[in-house]
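What follows is chain A paired twice: with chain B in the first complex and chain C in the second.
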Partner chain A sequence: MKTVMIVDDATTVRMFHKKLVSTPDRIIEEAENGVEALEKAIGTQVDLFLVDVNMPKMDGYRLCKEIRRNEALRAVPVIMISTESANQDAERAYQCGANYYMTKPVDADMLKSVVSAVIGGGANE
Partner chain B sequence: MSELLDVFIGESRENLESASQELLEIQSSGSSSERVDKIFRDLHTIKGSSDLFDIKPLTRLAHAAEDLLDSVRANEVAFSDDIGELLLEALDQISIWFDELEVGSQDLEQWQPISTNLGAKLRYFIDPDASDGAGIKNEASPTSTVSLDDKFLTDEQIDLLASFSENADIKLLCQVEGPYCYLVRYTPDEGCFFRGEDPINVLLALPGLKAFNIDMPELNHDADIYNCVTSIEALGCADEDAIKQHMAYYEGQYTVTVFSSQALRASCVSKIIDNVAQIADQTLSDALADNNLEQVNASAGLLLASQDIGDAHCDDAKRATLQFLSAASELDFLRGPESSSVAETAESANESIGQSNDAVVGTDDTANVSVLGNADEDAPLESNAKPSDISARPEKILAPHEKAILTQQLTLLNSDNYKSEFMFPSISGLVGNILGETFSDEGTLALAICNALDDETINEQADETLKQQSAEDMSAVATQTTDTPEKAGNNTESNALNSTNESAQPVKAERQAVKMLKVDQAKIDYLMDIVGELTVAKNSLPYLAKQAEEEGGSRKLSKQIKAHFSIVNRLTESLQSAVLQIRMVPVSHVFQRYPRLVRDLARKLDKKIELFLQGEDTEFDKNLIESLSEPLIHLLRNSIDHGIESPAERLAAGKSEMGRIDLIATPLDDSVIIEIRDDGKGIDPTKIKLLAFQKGVISEAQLESLDDNEALQLVFAAGFSTSEQVSDLSGRGVGMDAVKTMVSQAGGTIEMHSEVGVGTTFKLLLPQTMSVNRVMMFEVSDQMFGVGMDAVVETVKVPTSDIQRIRNEHVLVIREKLIPLCNLRDALGFDEAEEKEEHSILVVSAPQGEFGLIIDKFHEGIDVIQKPLEGVLAGYAQFSGTALLGDGRVLLIINVQEVLAKCL
Partner chain C sequence: MGLKKKAEPIANHGDEFDEKRHHPRTTEQLVNDLSSNDRDVRRWAIRDLSGQQDAHDAFIDRLPLEDDPTVIEALFSALEHDMSDSHASQVLTMLKSEHVQLRNGAIELMQQNPDVFAANVNLLMKDNDPDTRIFCVDIIGAVAHIEALNWLHQFALTDDNENVVGTALDKLAEIADTSTLDILQTVESRFPNHSYIQFVISLIRNQVRGADE
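Right after this comes the complex of A and B.
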C-alpha cells in the first residue's frame, strides 16, 4: 500500500486529483495547506506529495522546503502542480526541492502515468 | 591500359591544358568569373572521370582544387597569385600522374601523400582555420537540424518515403544504422550525359546507400534519348553533411531530407503493423461470416493488439508491439499447423520484430515476450545487475513521462542548488522506483539515469543484432509479410537494376549532337597514305595514254584514257584537299603551350616577360606544326635566356621593365610565316663573327668578307652558342643548327634579323602542308629529281657561251640581272657532263636571292605526296623528301637552300 498526500486549498481540485490517482492499492490523504500537510504527514507513512503552489498559511514552495528539511519526510518525492507555467516558477519549485513540476490544467492521463511511475502500480482498470 | 583509360587521359590532358591556360590568363589579366568557371569545369570533368577509374589520390586532388575554385566562384575566397601558383602545381602533378598512368607505372601508394599534401594546401585557402594546412577533412560541426529525439516520422516525411515499396520496410528496418537517415531526390540535369556524368554512378556512390528508386517516365518514340529525364530517389544512412559533400557538384539538382534513424525505424514498424491489422480485419470479417468462433477470437485479439499499438503510438510502442506479438502467437497456437495468411504474417512479423526487440528486451522466446507484454502490472522489473554494467542489465523501456521525470531528476542532481542531504533521498527513491534499482550515491544514480535515458545504447544494441541477421533472412521475412510473395524479395533490387540499364543506355549510344569528332591520328595518316598512293596511281594514267597512242596506235583509246584521267584527277584532288583539311589545325594547338613555358622560364630567371600571340587561327598541317613545336620552344628559350635582359638592365637601357616576345603566325599563299620577335638586347654581328672565328666556324678571310646579315646567319652554323655562359635553359648541346635542320626537314626556311639594343626576330617560312606538293621534275645524269614549284622562277635554255665566269663562279645574265649558277652535277656528286652547246637552267628563288641550277633536262610539273627521308637518308639535308612517280620510279626532291649552300 502506498500513500499519496494531495495538498490543495481547493476542494474540487483535491477531489479531482484524488479521483485520478486513486487505485485499490493506494491510500489518499488530503490537506488544505502546507501546515496541515506537515502535521498530517509527520508520524505517518507518506510515499508521495502532490502539492499545489498557491495556498494560504504555507504555500507549496515553503512546504517543499520543510519536507526536505524534515528527516522523516526527506525521502518522499514531491510533485508540484501549479497554474503558472512560467519557467521561473518551475525553477523555484525545483530549488525548493520538488522532484517534478506540472502545470494546471493537468492532463489526466499524464498525472496518472507520472504518479504510477514514481510510486509504481496504478494500472488503470 | 584500357581503351577507356586512354580516352580519359587524352580528354583530361586537354582539360588540363585549357585550365592552365586560363590560370595564366587570370594571372596576367586578372580574374574573371568566366575564367574561374572554365577552370572549375575542367577540373570537375577530370575529377568526375577519374572517379570511374578508382584513382583515388588523383580524384581527391582534383576534388580539392575544384572545391577551392568553387569557393573562388562563390566569392568566398579571393583569387590570389598564391592560389594560381598552387593550382598550377596541382595541374602539373595531375599531368605527371597521367604520364605514369600512360606507361602503367603508377604507384597509388606513393601518390597518396602527394595528393594529401597538395589537397591540404588547397583546402587551406578555402578555410585556413579548419585544416591548419594539414588534415584534409574539414571538421565542421554538423549542420543537421534533425533532432535525434524524433520518435516518428512526420506525415510529410512519410509521404516522401512513399515511393519505396512496402516490402522494403522490413529490409530497411533491419539495415538502418547510425543516428541519421536520408532521402535524396536527385533529378539530374537533362544534358548531364554530355558532361560525362553518370547519374546512376553518382547515386550508387552515396555513403550508406540502402535502397533507391528510379523514376523513368514513359518515353515517346520521338523523345530525345540523349536527354536525361529521370529522377532518382535514394534512401540510406549518413548525415546531411556527408550527403552534401558527395552531391556538392550537383547543386540544385537534388534535394535531401534527413530523418532520425529511430524515427524511420519506428515508422517502418508501424507500417508493418498496419499491414497486419488490415489482414486481421479481413480475417475477422471472414471468420464472422464463417461462424468460426476461434478464428473470430484470434483475429479480434490480433486486431485489438495492433490497434493498441496504434493508440499507444510512441508512448509504449515497443511494449505494445510485444503484446501484439503474444496475441499473434496465441492465434498461431489456436489455428494449429494449417496456418493461413494471418498466422504466417503474424509469424513472420513476430520473427522480424521479435528479433529486433530481443536486443532491447534481452529475451529470446515468445513466452517471455508475453510476460513482458503485461509489464504494466508487474513493473518495475527486478534486477540484481549493477547499474553500470550496461550490457548485462535488462533494458527498461521508458515511457516519455518516465523519461521526463528522470531527466528532471538528473537536472536536479546537477543543479547548483543541489544539497545532497536534502535531495538525495527523494531523488534516489524516485529513480529507484522507476528503474527498479537502489542507489547509494549520486555517482551511480546519475550514471543509471544517463544509461536509462541514453537511447543510443538501445539503438546500437538493436543495430548490432539486426546486422547479424543475414540478408537472405531479411528478404524472406519481407516476402512473407506482403500479400504477394512472388513479387517481393528482390523486387526492389531488380527494379533498380532494370532502370539502371535503361537509363544507362543513352550514355552508351552514339552522341548525335556532338559536332567534333575525335579520331586517332594514325587513322588520318593512313588515309593520307592511301590518298598519296592514289595520286601516284592516277599519275600513271597519262603514261598509259601515251603508251596507247605510241605503241597501240590508238588515238581514240588514248583520248578516252585522258578523258578518264581528268575525272580521276579532279576527284583525287578533291579527296586530297579534303583529307588535308582534316589534318589542318590552328597553330594555337601548339602556341597555347608557350605562355606557360615563357612564364615558368621567366620566373626562373627573375625576368619579366610577356608573350603575345598573334594569328593563332592560322591553320597548319598537324604533323608539321607538331614537328615545329620543338624548334619553336628552342627559339623561345633563346629569346628568354639570351634575348630579353634582366629588369634592371632593361631599366638602365631605358626600356620598360617588362620584356615582350611576340609569336606571330601569318598565312602567305601556301605557306605560313612564323615570327618570334623579342625586344631584347639583340645580337651583335661583330661579336658573332669573332666567336665564329674563335670556334673555327669561319676562316680569317670570311671574317673580313662577311657582312652583318651574313654574320648573323652564322648562329645557325653547327656548334654555335652566343651565350658566354652555358645556362641550364638553353645551350644544352642543341644549338640553332638543330633548329635549322628541323625546319628544313619540314620543308621550311629560317632566317634571323637582329638589331643591337632593339631586339631579335626569327622568321620561319613554312609550307602550310607537308604532304602535297607540286614539283617541277628535271633530270640530272639520267636521274629524276624534283624541286618545289613555288621555288621555281623560270626555266631557260642558254648557249654555253652565255655562261660567264666571275672569279671562281659561273654566272648568267638574264635580263640584265646577274644570276649565280650552280651545277647540280657537282652539288649532287655526279660525274662531270661532257661539254654541251646548250645548257638547261632552272632559275629558283631562295632567301638569298635568285640562283640558276644547271641541269640536264626539264620535265613536267607533277603533284606528289612528299615523304620525309627516313633512316640513314635523313642525314642528307640537300633532299627534303621523296615521292613516288606514276611509273614506280622514285623522285628525290631537292632542298634548294641546302643545295645552294653546298654549291656556293
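Right after this comes the complex of A and C.
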C-alpha cells in the first residue's frame, strides 16, 4: 500500500483530488495546511505529497522546505499544485524542493498519470 | 502624536523584559521603539501602543519592514479594532504581498472586520489579479456577513477566471441554499469542460437537495 497525503485548505479540492488518485492499493490522507500535514506525516509512512501553494498557517513552499529538512520525510516526492502559472512560481517551487509543479485547474488524466509515474499503481498499471 | 502614554500595569514577564520596556514613554518614543533592533522592545512598544488609534499608521508602516513573525502577529493583533477606511485600504494591498504571513494576516484581519471588508468587496471583485480575487473569496467564505452568499453567486456567475470561480464554488459548498441552485446551471454552462467545477456543482446540488428533503 502507498500513502498519498493531499494538502489543501479547500475541502472540495481535497475531495476532488482524492477521487482522482484513489485506487485500492493507495491510502489517502488529508491535511488542511502545512502545519497539519507535518503533524500527520511525522511518524507515518507517506509516499507522496500533493501540495497546494496558497494555504493559511503554513503555505506549500514552506511545507516543501520543511519536508526536505526532515530526515524521515526528505526523500518523499512532492507535487505542488498552484493557481499561479508564472515561470517564477514554478522555479520557486523547485527551489523549495518540489519534484513536480502543476497549475490549477489540473488536468485530471495528467494528475493521475503523474501520481502513477511517481509511486506506481493506479492508471498506469 | 504628542499624547502621553499612561504607564499601565501589565503582567510581569521578568526583569529582562521590564528593562527593555523603558517605561514610562510618550507615544512618539513608543513609535520610535517600533524600529528598535531588539524584537522584545518592538513587541513592548506594540503592546503599549495598542488601543491608540493614532498608532495605527505606524503599525501599518512597520508591517512590510518587519521580519520577526511574533512581532508581525502582534502588529496585526493591535490593528484588529477600530480600523479606519484608509487603514483598511492599506491592509488590503497586503493581499498582493509575496510575504505569506502578511497576506494571511491581512486575510484574517478582514475576516475579523466584516463591515470594513464589505465596504471594499466591490473593488476587490474587480481587481486585475486573479489571486487577489481568490483571497477575496477566501475572506467571504470566512466572514459572517449577510451578503456573503450573494457575493459568492456574483463571483461564480461573472468572474472569467476558472480558479476564482472554483474557489467561489468551494465556499458555496459550505453555505449554499436553494437560491444557489438557480445559478448553478449558468455556471455549469460557462465551464463545460472543467472537471473540478463540474464536480463541485454536482456536490452542491446533492447537498442542497439533500438538506431540503
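One rule holds in what follows: the second predicted complex is superposed on the first by the 123 of 125 C-alpha atoms of A that agree within 3 Å, B and C clash if a C-alpha of one lies under 4 Å from a C-alpha of the other, contacts with A are read in each partner's own complex, and residues count from 1 in each chain.
Keep in mind that, in the parts below, a contact is a pair of C-beta atoms (placed from the backbone, for glycine too) under 8 Å apart; a residue touches a chain by one contact, two chains touch by 3 or more.
Bear in mind that the values here come from a model prediction, so they are computed numbers and not experimental data.
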Ask   = When the two structures are overlaid on chain A, which partner does A:Asp59 contact: first (chain B), second (chain C), both, or neither?
value = second
Request  = Would you check which partner chain A:Arg69 touches, where first means chain B only, second means chain C only, and both and neither mean what they say?
outcome  = first
Message = Contact-wise, after the overlay, does A:Val118 reach chain B, chain C, both or neither (first, second, both, neither)?
response = first
Ask   = Which partner does A:Lys104 contact after superposing on A: first (chain B), second (chain C), both, neither?
value = second
Contacts of A:Thr12 with chain B and chain C, given as first, second, both or neither = second
Query = In their shared complex, at which residues does chain B touch chain A?
reply = 376-377, 379-380, 399, 401-402, 404-405, 408-409, 411-412, 415, 417, 421-423, 425-430, 433-434
Request  = Under the touch definition given earlier, write down the residues of chain A that touch chain C in their complex.
outcome  = 10-13, 15-16, 19, 54, 56-57, 59, 61-62, 83-84, 104-106, 108
Key: chain A - residues contacting chain B, complex   = 68-69, 74-78, 94-95, 97, 99-101, 110, 113-114, 117-120, 123
Ask   = Across the complex, what residues on chain C touch chain A?
value = 100, 104, 107, 130-131, 134-135, 162-163, 166-167, 169-170, 173-174, 194-197, 199-200, 203
